[in-house]
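Structures are listed in the sections that come next.
Both complexes shown next keep chain A, but they swap its partner, so chain B is in the first and chain C is in the second.
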Partner chain A sequence: MNLHSVVNGIARHRVASALLFLLIFPLLMPYEALAINILIYGLFAVGFNLVFGYTGMLSFGHASFLGVGSYLTGIAMVHFGVHWIPAIFVGVLASLVAGLFVGYLAIRTRGIYFSMVTLALGQVIYYAFYKAERWTGGENGLRGVNAEVIDLFGLRIDFLNPLTKYYIIWLFVALALWLVSRILASPFGSVIESIRENEKRTVACGYDVARAKLLIFVISAGICGLAGALRALHLSVVPVDSLHYLQSGQVVMMALLGGMGSFFGPFVGAGVFLYFEDIATNVTKYWMGAVGLLFMALILFFPRGIWGSLMYQLKQRGMLQGDRE
Partner chain B sequence: MMPSPLIEVRNVSLHYGRFKALSNVSVSFAPNQLTAIIGPNGAGKSTFFNVLSGALAPTTGQVLFEGQDITSMQAHDYARHGIAKSFQITNVFKQLSVHENVRVAAQMRYSRYELFKPRASFKQAIEEADALLGRVGLLALRNKTVADLAHGQQRSLEIAMALAAKPKLLLMDEPTAGMSPEETSAMMELITALAKERTVVLVEHKMKLVMGICERLIVLHHGEFLAQGTADDIRNNDEVRRVYLGQG
Partner chain C sequence: MLDITPSLFMLQLMTGIALGAVYALLAIGLSLIFGMLTVVNFAHGAFFMVGAFLGVYFLALTGSFWLSLVIAPLVVGAIGLLAERFLVRPLYGRGIDYPLLLTFGLSYVLIDVVRAVFGIEGLPSSTPASLRGAVDLGFGHFPLYRLFLIGATAVVVLALWLFLEKTRYGLIIRAGSRDSEIVRVLGVDIAKVWWLVFGLGTAIAGLSGVLAAPTRAVNPEMGIHVLAEAFVVTVVGGMGSLPGAVVAGLLVGVVFSMTALLAPAYAEMSIFVLMALVLLVRPQGFFGKAGALG
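On to the complex of A and B.
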């Protein structure tokens, strides 16, 4: 077995390989909470990239779906006493609805107008949740999102144990990544890529572009909503900044950092971003400045992003075959 | 008796404000015929083409395909009904492979929004794509990224993509635009071959080019129907000569 076949083997089973890596991932991180954060933001970025990297639409409102997923999971648990597992589904469902609402209004526009409409609608949602203090805790965020212990035939699943928490969240992320990978490998997956490449030709080929855009937007919102739901459980609180447009900007940065043209690029970007943030905040409170410099350097010298450049190099050297990484 | 037309345009006008791009044009196209729409610059050829292919809705008038009114049909439904087009300015998926371009076009007839079945399982679309690439002479380049292809090759790819819809009617907007003389004559040969199996309508600026291969020519001028007939009819038509020669 040579390196060539190893690389291609990994590429063929991209989700399985990634999930195996993520199983040992917490051991490589300084502490579990960071690993969990990376897992959640990685999923958020992968979900976002369905619209951004794969369909070619730059949304500046994706915090909405992260936030709505978080809040509705939290509201279901805190105000209605729903168990955390069904509460996750409540959060995802709510983000799908939010995705339908924002998507329906935004997909009629293109380019910068699309970005602006998603940004504006994101702000509408932000203020709606901000003002609904009775339900969302307003400025203080929604507190008390505590996942109770599950007793599974004598097996105690305790969310307070960070490593247990990591692996439970891993399970949901695994499911979602597998789903996204399936979708991208489907006929519909090539329709959205065609839209990114040339909308006019996609229409001429017989595809309803508006419908396809709405569908992928809603799917993307659902994935981001799941990330949000998991985040609420991870933090035990839903901070109001979940919905803030800075959050939307951050996920764009993560996708670009890792590489928007690849499946795992955004995940890698999220990991690098958060790891760097973790180190840099200990050194200086002006860490965002350092992030900015890193970001600019990457855009200038590695426009394909960290992961995207790696995949590109492997392909150039004939180590990797096929259309996709 | 004339066979019933495959596509028919009835009293079509298209106005941009006060500018009349097309005025009351009525033409019909018999099945399996190769027709060229010609005319000097600004004659309304491209507008007419866009009305035929559903890219523009006429201000008044009707378009009938196999007797059905398709005037208000959505642009994406044309391919499914058997109307395909190649664009004047190449419209392909530049960052995808040559094969993937045609495969996506062929996939339309099997699956459009399926989410969970792998596209690799739609073998027919894959095989059809390769067969079409063979036909237009691009099979050897199937794994190349389209952006790396020469202009003429991209034009051929366009045609393979249009054919992937298995159209009854193939509309071509200046298929030889920007091509070298060799590429042009190869393209003309391909078009002649394609027209044996289906109806082909092409818009062409270069009149001499189409005179040799088209069974029928339609001349537009200032958005109006001017003349139609065989190459000889058109060549000997005084009005056509005046229009073409008159503008030097």
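On to the complex of A and C.
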């Protein structure tokens, strides 16, 4: 077996290979909490990239869906005593609704206008949760989102054990990645990519572009909502910052860092971003400026991102066929 | 329920107009840059913040508010010129999202540079001595500084209008924002025009920062929310439209202060709701051209 067939084998079973890698991933990280963070933000970035990388719409409001997913999961658990498993579904459902609300208004606009409108609509949601102090804890965030221990025929699922927590979250991420991969491989996946390439031509081909855009926007919101729900369980609090547009900007950075044109690029980007953050916050207090500089350099010199450049190199050398990424 | 007398209503209306004046200035800068370069400047809020810091700093240094009102925008404009020349210009022709993302990164850098120079706490700002006190407007006493804010904005808008409509350079800018290719063919160095317009737009952002500094807390994060609000104004008024920026700026200011009077909890949200309504009824904004959203 040569390198050539290994590369293509991995590319053919992209989700399976990634999930296998993520199984041993916590062993490679300095501590489990960072690995869990990367898992959650990786999913967030992959969900965001459905709209950004695949459909070509730069949303600056995706923090809303992460935040709504987190908050509603948390609210269901804290205020209504719902078990954490159904609470995750409450969070995802809520972010789907939020996606419908933002998407319905925002897809009326195109290009940079879309970015500005999603940013502003995201701020509506931010202020709504910020002001609803009784339910959300306002500025302090929602506290006390503690997942109950499940005793499954002797198998104890306790979120206090970080490794157990990692693998439970891994399970949900695996399901979501498989779903995203299937959506992208479907005819609908081709439609959204053709919208990115040439919207007018897609209309001319007889596709209802507005509906496709709204649908992918809502799906993307749901995936990000799942990431948010998992984050609430991971942190056991929901910080109000998770709804802020700077959080939206962060996921844009992650997607670009890894490479927005590829399936795993955003995941890789999230990983590198958080790992870099983990190191940099220990070294300098001007972490934000360092990120800004890194990001500007990326835009100017490596617009393909880390993973995107790697895939490009592999294709250039004929080691990767077609558009397998 | 609070009893709202006509004079309270009028005072709040004036407060809204004063707030709207700052929004209008911010949106003018954004619109000017967008109309000419089709770049959405995500660092606009950061330039506003730098302007506010420099305004307070030069005021303390020179003791003259009027001097700081001139120097600070010039310095911010110079930073804008550098940013366009070395950061934005290499991205022309590479897709519309790239300059937007780059300026987003730039805003992070500007915020941290200000934190490093002036500290994370921010600076205490106060109303300049010559503009303290209140004026009797017939329906009540209104702070002189806010009145000055409205007047200063009117002067800037008028000067800008005269510059754009009555001068040779204004003609080039207007022609360039309509069709830059033709202007280039006619022998105008369009890259230089873009450069200067970016500088002008950021200088106006800096000016709005200097003007706004006495009315709000001056800290490194002050531009973050302002950016979202400036976007609301440009979306409501119509992207790239100067009259739109002024009208929408004042409207957004008034909507904010009126909601603050009637239902304080919803003040921040109200302007975003206004934007959502405008998007539903007229997606291109008040003065935007239909179909020009691409």
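As a working rule, the second predicted complex is superposed on the first by the 324 of 325 C-alpha atoms of A that agree within 3 Å, B and C clash if a C-alpha of one lies under 4 Å from a C-alpha of the other, contacts with A are read in each partner's own complex, and residues count from 1 in each chain.
Assume a residue touches a chain if its C-beta (ideal position, glycine included) is under 8 Å from a C-beta of that chain, and two chains touch if they have at least 3 such contacts.
The model shown is predicted, which means the values in this text are computed figures rather than measured ones.
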Overlay on chain A: chain C relative to chain B, clash or fit: fit
Arrangement angle, chain B at one end, chain C at the other, chain A at the vertex (C-alpha, nearest 10°): 80
Which superposed partner A:215 touches (first chain B, second chain C, both, neither): first
Chain B versus chain C as contact partner of A:157, first or second or both or neither: neither
Touching partner for A:97 - first (chain B), second (chain C), both, neither: neither
Which superposed partner A:34 touches (first chain B, second chain C, both, neither): neither
Touching partner for A:201 - first (chain B), second (chain C), both, neither: first
Partner chain(s) touched by A:185 [first = chain B, second = chain C, both, neither]: first
Partner chain(s) touched by A:288 [first = chain B, second = chain C, both, neither]: second
Which partner reaches more residues of chain A (counting touched residues only), chain B or chain C: C
Minimum distance between Cα atoms of chain B and chain C in the superposition (Å): 13
Common ground on chain A, meaning residues reached by chain C in one complex and by chain B in the other: none
Complex interface listing, chain C residues touching chain A: 34, 38, 40, 87, 90-91, 94, 96-98, 100-102, 104-109, 111-113, 115-116, 224-225, 228, 231-232, 234-235, 239, 265-266, 268-269, 272-273, 275-276, 279-280, 283, 293-294
Residue ranges of chain A in contact with chain B within the complex: 182-183, 185-191, 193-194, 197-198, 200-209, 211-212, 215, 323
Chain A-touching residues of chain B, taken from the complex the two chains share: 53, 74-80, 84-85, 87, 91-97, 100, 103-105, 107-108, 110-120, 122, 161-162, 164-165
Chain C-facing residues of chain A, complex: 58, 105, 108-113, 115-117, 119-121, 123-124, 127-128, 131, 245-246, 249, 252-253, 256, 286, 288-296, 299-300, 303
